[in-house]
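Take this structure, written in structure tokens, and hold onto it; I'll ask about it next.
As written, the chain order gives the labels A, B, C and D, with residue 1 at the start of each chain.
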Amino acid sequence: MSNFAMLSILPFLGILFIIWRILRVAKSTSNRFNWSQRLNKWVLYIYVGILLLAAFVYELISANGDEIVAPKEYTMLKTENKVFQQAFENNEESKFDPNFLVEEWTQELEGDTLEIISIGSNFPTERLNIEWTDSKEQLVEVKMYKTHSYMDGINLGEEIPLSKIEIKDKQIILKAPPHKELTYYRFSNELAALSIVDSLDVREQRRVLGYTYIYLKVPKHINVIDKDGLQFY
Amino acid sequence: MFLSNSTLGEVVRTQVKFKMNAYLGTLVSLVFVQLLGLVFSMNGTSSMSTNINNTDIQVVVVSTDTVFIFVAIWALFIGNVITTKGYRNSNLSFVTNSFSNNLSNIIVLIMMSVFAGVTTFLSNNILRTVLPLFNNVDYVKSVSIIDDPLGSIINMGLLICLILMISAGGYLWGTLVYMHKAYMFLLIVLIIATPTTKTGQMILQFIFVDNGSLLFLIVKLIGVSIVLFVLAIVCSNRLEVRR
Amino acid sequence: MDLNSDSTKPIYIRIAEWIENEIIADRFQSDEKVHSQYQLADLFNINPATAAKGLTILVEQQILYKRRGLGMFVALEAKSMILEKRRNETLTQMAMELVLEARRLSVTEEELIQLIKKCEGEQK
Amino acid sequence: MTVIDCQNLKKRYKRMNALEDITFQLEDQKITGLIGRNGAGKTTLLKVLAGFIRESSGDVKVFSNNPYNNLRVSANSILVDDQMSFPDSLTLADILETAPDFYKRWDAELATNLFRYFRLNPKQLHARLSKGNKATFNMIFGLSTRCELTMFDEPTNGMDEAVRSDFYRALLKDYIAHPRTILISSHHLAEMEHLLEDILLIHKGKVVFHQSLEEVKEYAVALQGPTNLVEKMTAGKEILHTKQLDSQRKYVVIRREDLPLIEGVMIYPVSASDVCMYVTDDRKGGIDDVFK
């Protein structure tokens, strides 16, 4: 702690010294120019005017997302995600929230093997679970779910592209969306430095990360090859 | 013989009016300091990133912190500079005594702190409007004054009190240095000692951390400011005003 | 205005002499108000207290008289009193100096009287 | 009424005593000259009276209050000196505008008229005035405050000849119109002698005398004549100053008293300025002794 404090104080002292010099120089130069009181007053009026105008203009600027202020709402979203994941892991399809359903279809397989392949990403971006059915047919039911993703009030669900699922003969190919970067700016009136512990908590609360879930219903006689280990077991 | 009787209140009021006028330049320097702080905070004060579905998401938070650091140093400087010889002597060309001089200085510092606190708080809005207009980045709707008026006022109050406390520290320091040059080193020792020693950390912890609410912190800051100002008054009452 | 630059005499005496001269020259008539100490101070660029002292001397010699709240006025017999005084004091003093100087220059009494007579004649 | 009352006033700095023992009283509405040599303690005395510095011991009262840190004294007195400074940000015009807030009897008309007469630039900053103009401005400021106790410390330093006589004239005119207690320190007694009513002469932190100007002028006489005659006349008397004019004649200044007229010895009056100089001179022979 002591070393860390020493290290953190040094740049501060540096800044202190630099600003100190700037203020000194500014003072001596302002003495040299006949910087009148009237000019001073105008600078201040204009500055305050700009500040107020900026506060007003900000209200008019359209922005992404709606700030969800209440932590309660985040808690609710988180619980919904959790409930879904638990049901997903336990293969309790009846408990799945229909709101999370993105796509569903049935596919007829030709052989009795099914290969699951994930491409486009080093790290699988989807979660997959298989329910074995007693059906003798060659039909595979595919359901894709997506849970809530919110970060600082933006509904990322709309911004983040979904994985693509292609089924070819004996293969299910999960194609991760192309790599993408999203940068958002958000503003805060608060002093983060003073309440650093608080704000980390607050920001953790404000983050709800969802996943793409793929639920397969596969007849028992079909052999599933899962090289990438996407499945929950 | 006719003697005009000036009460302390009257003298202090006149002096505050005079000093606010005379020190207008320091407020202009505040504007420049804030603008400098704004430039430095363009890249954000802190950021948080995560990855979902192969998409990197970064949220850059632009808070008032950077501007505040600049303003804090300004406050230290102003609290200090007001006690230096030039300012002292020019204050004493008009009716005054040591107490009224201190009192009016303190009131001026309070007024300047209020101005600095409010403008620091509002300065965030300049980035709010300028960044989206000129930068091609997405930004998130954030809490504005209208969304959370009470919180805004508390935050503003917090800024004001912090700035006031720092300027009070600068004022006490300046008064001590005016008494004896050796006190110059005291502050430097203090700056280094406070975060590195156990007691110093405990004091910092007591003031800044462990606060149930921001309001409680504000009360503490005001308390510390009062202590610093009283010390300055006590010290300078023993001081000859002009040498 | 300047007083005569005989700076060995104190200022207040010179002020008194100046007023006396004004009275002799009839610029102040009997029962006429003379300058106040402040007017004199302004006129001669001196401290009013010094001017007042000059006036006081004249009051003591009854050349001026005071009227409470109104100021100083020239006494009825002022002019003749001044002339009398000057004759007694100033002229005697000057004669004394003349005699001393004459002795120093080894001028005899005869010659001195001749000289005075000659001067009288020239003035006429 | 007594404006200033000092009893055994002492002021000690770290190593030296600036004021040893000052006792005097100043009545109101008089112009008093504070005379003394360099280092006599004039400035220190004025600063104590203005309340800028604190006395080390003794008793000092201005308007019956101890001036140090006293608002009443501060509101009714002003010390004009070359250390007067005003905020760098204010122009001369700004300063003149601010002053009436502090000094209730501020005479704005006098200030503006004098300001115009001396052709000062209202937009100029005080810190950047030339020495002479600064002195002029300070003087205008000091006069216009109309403070009951107005003190000037070497007010004419830096002023040119014309401004000096204008200053003394302005001071007198304003004093006549509004009598008040004025204390002027200077080492040029001769140039302001006509203004003064009293003289307070201090030397080495002590009051030498506090008398009216006329008394000072009659304080001493000078004798000049053959050395043996002059020495006989001044034997056993306090000699203030002596000077050997040539091998036969001597010039001696003694306290005034009735002296017999002696053939060959001239008796001269001694000007107030010379009296002050001789009285405060510890070396009776003056500078000539150095070159003996």
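Keep this in mind: contacts are C-beta pairs under 8 Å (C-beta built on N, C-alpha and C of every residue); 3 or more make two chains touch, one makes a residue touch a chain.
Note that the structure is predicted; figures quoted are calculated from it, not measured.
Chain pair with the highest count of contacting C-beta pairs: A-B. Chain closest to the overall centre, judged by the mean of its C-alpha atoms against the mean of all protein C-alpha atoms: B. Centre-to-centre separation of chain A and chain D, using mean CA positions: 83 Å. Averaging C-alpha coordinates per chain places the centre of chain A 37 Å away from that of chain B.
The centroid of the Cα atoms in chain B and the matching centroid in chain D are 47 Å apart. Averaging Cα coordinates per chain places chain B and chain C 76 Å apart. Within chain D, contacts with two or more other chains are made by residues 88-90, 94. Counting only residues that touch two or more partner chains, chain A has 35, 37, 40. Shown for chain C are the residues that touch two or more other chains, of which there are none.
A complete list of chain pairs in contact reads A-B, A-D, B-D, C-D.
Chain D contributes residues 30-31, 168-169, 172-173, 175-176, 179, 194-197, 212-214, 217-218, 268-269, 271 to its touches with chain C in the complex.
Per the touch definition, chain D reaches chain A in the complex via residues 88-91, 94, 123, 125, 127.
Across the complex, chain B is touched by residues 1-2, 5-6, 8-9, 12-13, 15-16, 19-20, 22-23, 26-27, 30, 35, 37, 40-41, 43-44, 47-48, 50-52, 54-55, 57-59, 61, 63-67, 69, 120-121, 125, 149, 151-154, 156, 159-163, 176-195, 197, 203, 207, 209-212 of chain A. Residues of chain B that touch chain D in their complex: 1-6, 8, 11, 14, 17-18, 21-25, 86-87, 89-90, 92-100, 237, 240-243. Contacts from chain D toward chain B in the complex involve residues 1, 3, 28-29, 47, 51-54, 63, 69-72, 74-76, 83-90, 94, 98-99, 101-105, 148.
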